[in-house]
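Here's the structure, in structure tokens; my notes come after.
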Amino acid sequence: MSPDLIDLSYLLAASLFIIGLKGLTKPRTAVRGNLLGALAMLIAVVATMLDQNIVSVTGLLIAIGIGSIAGTILALKIEMTAMPQLVALFNGLGGGASVLVAGAFLAGREFSERVTSGAGFADVLTATAASGLIGAVTLSGSLVAFAKLQELKFVKDVSFPGQKLVNLLLTVGAIGLGWMLVTQPEHAQLWYWVMAGVALGLGVLLVISIGGADMPVVIALLNSYSGLAASATGFVLNNNLLIIAGALVGASGLVLTRIMCNAMNRSLGAVLFGTMKSGGSSLSDDEVYTSVKSTSADEVAMMLEVSQTVLIVPGYGMAVAQAQHAVRDLTNLLLNRDVDVQFGIHPVAGRMPGHMNVLLAEADIDYDRLKEMDEVNSMMDQVDVAIVLGANDVVNPLARTDPDSPIAGMPIIDVDKARTVIVVKRSLSPGFAGIANPLFAADNALMLFGDGKQAISEITKAFDDA
Amino acid sequence: MSPDLIDLSYLLAASLFIIGLKGLTKPRTAVRGNLLGALAMLIAVVATMLDQNIVSVTGLLIAIGIGSIAGTILALKIEMTAMPQLVALFNGLGGGASVLVAGAFLAGREFSERVTSGAGFADVLTATAASGLIGAVTLSGSLVAFAKLQELKFVKDVSFPGQKLVNLLLTVGAIGLGWMLVTQPEHAQLWYWVMAGVALGLGVLLVISIGGADMPVVIALLNSYSGLAASATGFVLNNNLLIIAGALVGASGLVLTRIMCNAMNRSLGAVLFGTMKSGGSSLSDDEVYTSVKSTSADEVAMMLEVSQTVLIVPGYGMAVAQAQHAVRDLTNLLLNRDVDVQFGIHPVAGRMPGHMNVLLAEADIDYDRLKEMDEVNSMMDQVDVAIVLGANDVVNPLARTDPDSPIAGMPIIDVDKARTVIVVKRSLSPGFAGIANPLFAADNALMLFGDGKQAISEITKAFDDA
Amino acid sequence: MLFSTLAMQEVDGVVKALAGAVQQSGGAAPLILLLTVFALAVFLGVEIITKIPPTLHTPLMSGSNAISGITLVGAVLATGADNGTWAGILGFSAVVFATMNVVGGFVVTNRMLAMFKTKK
Amino acid sequence: MLFSTLAMQEVDGVVKALAGAVQQSGGAAPLILLLTVFALAVFLGVEIITKIPPTLHTPLMSGSNAISGITLVGAVLATGADNGTWAGILGFSAVVFATMNVVGGFVVTNRMLAMFKTKK
């Protein structure tokens, strides 16, 4: 393929990426948007491979085959609840690829020729350093985020005195090593890999101190980084398409980070500089759980019978219990008996943004019944019974009352202001943020202990029999 | 200034244009957006003038001085009601500048050197042809639009049999001449100016047959063209900034055209191919105005006294009469007496989009009272008295009922569905589209003949005395 | 033997081509780069304008019209270089036209927008 | 003293190198063009995402994450040319990583989005 044709294919691919990304922002066009993105990628890769310069096609195809199979299997086999960690993992791989490509460039023949010829190319070297640095931070940071979300035992929230100073030193060190790379191209590879090593460490330290509750924000941010790394790689290879696609992702990731920060009431600065507050209980369980009342499915069914408006607030527990179909059955039954049912969806309920929407959509629950947080809170005084199903942090009043708690300031769904609250969960153990929840001991709250799916089914049955 | 610095200034200017344009889309940031655009332009021009290649700075400064003074005077002296034609005029000048710059390029030294050297540069020649063609259509089309809006006597709606065919022939001819230019660079200037001449004729013919009521759409479209012409000039001069700024305007103009088409229920295709229906009455005045009832200010004041909700629908007549301050006084008085007052703003009331908003804002009327068409129509059955103040086409029910009328299908404000309609205007003469209005003869309509400002003041006085 | 020679030649070609590709933007690619810039700006323009309230249609029209007067930069270049009388005249007129477009456009937009300002 | 001289020399070197990079291109500086493309794409990315409903946060995240796997193109170029074993290994691994990112990302996004489809 002639260089011109390749360039044109790249332009086409870039346009498709743009249209695809735009499609992803609207429910109606999201599926098509995603497919357009995939098509763009296909065009880009095929055009690149048709380049006369590509010599070892076999090796390439093997590598692509391995990657495709591994990626597809992971993507298809993973549990819905583990999606976020999967995204983190893929993201890390993308960052890693940037590190490797920039490294391969330094190891390549063209590079050594340019060094020998003595021609200046500080701009390319700067881009190489940026690609390696950002890519490495993305790689290790994403892997730590993965481990945290997967709740792997060997990863704990680590924080030690002087951590910020260490982070600062590592950052300065990595940039300094990048500078050495730019000024001493003869030793480029040495400086590069040392720099990458330091950056890997930096990525680990930046993320490891962040509480799990803030992980979605971290992933969005790392996603943005991986885009920037790709863009930097584009500057290294003088390749427009990489620059454009990378910049798109970099910018959109940053915007998404900000949107999510707003939803969780975190400042973007705190995320950027890795200074988010980590989890940790501010009140002991004994202090909080003095007067917890529990109830039974029959009793709940009776309450529902005399209700006009029921609000269901699902959380991570619904995902774990796979209770969405049971919820659908209960909803339909209630609607048949003229009880109005609404769903209160907190933006960070579950383990990924939109997690609840996905699950409830899977169970065919009418989209119109899913209400956003603000809307639900403004109608809370009309709610007769609020059923909290496996949610915890997103309904924890401490967010409003305790400025020291790790979720302080996060907007919550104010179920404590409903007439009666039923909390369905297996025990009094805490949620993601690891703190006790005074809601469970509130005067208007009743605990229904048990697995989410089973509990809801029992309520449905009791209600139907009545 | 070194080429690098110039390029960087251009990049800065491009970014400022983008931020400025974005600012222009939100009421809160519009002023700043406009200033940022002006700043970007200043940076771009100064950077260009600091280029070492610029030889005759004096001539340049003189030209800039003339242009600035003329532009400022026009911009400051013009009546608010004449804004649209002024925009059309400026737009034409911009298109004309593109024609001249591309022409100057062909007359320049660099061009003749390239022709002599025999190096192929079909891409640049194509861009030159595009710049001249689009620029010339913009120039003449805008001037015709200007003349129509200014209601200059010598411009009539012209349409003749076979007009479409002529337009098509001219288009093909202009493109053919452009092709000659590309293939015969030795005679570039000859082909270029002939092509520009044909394109000028095309611009005239395309716009002259379009009814005045559709003029705002035409201006938005020509605005888009002038952007594309600037972009083409950028390809001629290999200048990024021109390409970016021109493309921004080209795209935004097209989007604006589509938005306005939707508001007036015209198809974009009809605009693009110059086949919009021209004005022309479908019913004679005698047929329509059989039973017109007129009223007096005192009578209106009495009606207002027993009203709960009053809707004011302003139109071009309010602008002519400069009645906005009188309207403000009436509004305040009514509000004091617990009569609710709302304003129904049709998107194309007046002579430019947003014309009514500008005037009412000038008179300090609360922004919240200005309601868009859809909102007003849905509350029409609660309106006791609708006062139509110098509006005509935008409340003409023929748009709904007569498929042959030139405004057929345009959404209107359905004042005819209010309890009582008071129409304030000086006579029964038609509005912009030149057609009779059955509303004036409707059972629930009363005419209050007179100048808008005076009539409203009289109502206010009568109401206050009562 | 033959095969390996061929492979060597190919490799040679590759290296040359790669070297070319990396320095490419000076040579073959400018048109594509310019087209890319154009395409991105078009997408951007569409995105920016898509949701604009009717009130701002006219200010936007006149403001963006002023921006399209960017041809002024081209006009300055055209008149500035020493290109002979004819080109000079064309350039001079272009500067006058474009400046009117630019300055008048921004001023009139500002005047229009001033009316929306909330006067407290 | 010694230190500052050294630093000065170093800075000098970089400046020269940078200048060289820009001149090498001739005409329109490629670096500036690339930066322009980058800037436009950033603006575009911001515009496109600004109003996205929470439901789509995760699909957007994983979809855009797949797009960031565009490094794959770079990896293909790196492994494709004949650059020696070490570069080859790096390139090969990069292709594997990037392909997993790309393919896995698009597939998982599609799977997620499939759940929103209205099943009638």
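In order of appearance the chains are A, B, C and D, and numbering begins at 1 in each one.
Just so we're on the same page, contacts are C-beta pairs under 8 Å (C-beta built on N, C-alpha and C of every residue); 3 or more make two chains touch, one makes a residue touch a chain.
On a predicted model such as this, the values are computed, not experimentally measured, just so you know.
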Which of the two pairs, A-C or A-D, is linked by more C-beta contacts?
A-D
Using C-alpha centres only, name the chain that sits farthest from chain A.
B
Where the centres are mean C-alpha positions, what is the separation of chain A from chain C, in Å?
38
Per the centroid of Cα atoms for each chain, what is the distance between chain C and chain D, given in Å?
24
Averaging C-alpha coordinates per chain, one finds the centres of chain A and chain D separated by a number of Å equal to 20
Quick check: how many Å separate the C-alpha centres of chain B and chain D?
42
Indicate the residues of chain A shared as contacts by at least two other chains.
18, 22, 53, 55, 109-110, 237-238, 240, 244
Check each residue of chain C and list the ones that touch at least two other chains.
11, 14-15, 18, 23, 25, 30, 33, 36-37, 40-41, 43-44, 47-48
Let me make sure I understand the interfaces: which chain pairs count as touching?
A-C, A-D, B-C, B-D, C-D
Considering the complex alone, what residue numbers of chain C touch chain D?
11, 14-15, 18, 23, 25-26, 30, 33, 36-37, 40-41, 43-44, 47-48
Mind listing the chain A positions that touch chain C in their complex?
3-4, 7-8, 11, 14-15, 18, 22, 52-53, 55, 109-110, 113, 237-238, 240, 244
Report the residues of chain C in contact with chain B in the complex, numbered from low to high.
30-31, 34, 37-38, 41-46, 48-84, 86-88, 90-119
Would you mind writing out the residues of chain C in touch with chain A in their complex?
10-11, 13-15, 17-19, 21-25, 28-29, 32-33, 35-36, 39-40, 43, 47
For a test of understanding, state which residues of chain A touch chain D in their complex under the given definition.
17-18, 20-22, 24-27, 30-31, 33-35, 37-38, 40-41, 44-45, 48-49, 51, 53-57, 59-60, 63-64, 66-68, 70-72, 74-76, 78, 83-84, 86-87, 90-91, 93-94, 96-98, 100-101, 103-105, 107-110, 119-124, 182-183, 216, 219-220, 223, 226-227, 229-231, 233-256, 259-260, 263, 345, 347, 352-355, 357-359, 361-362, 364, 367, 372
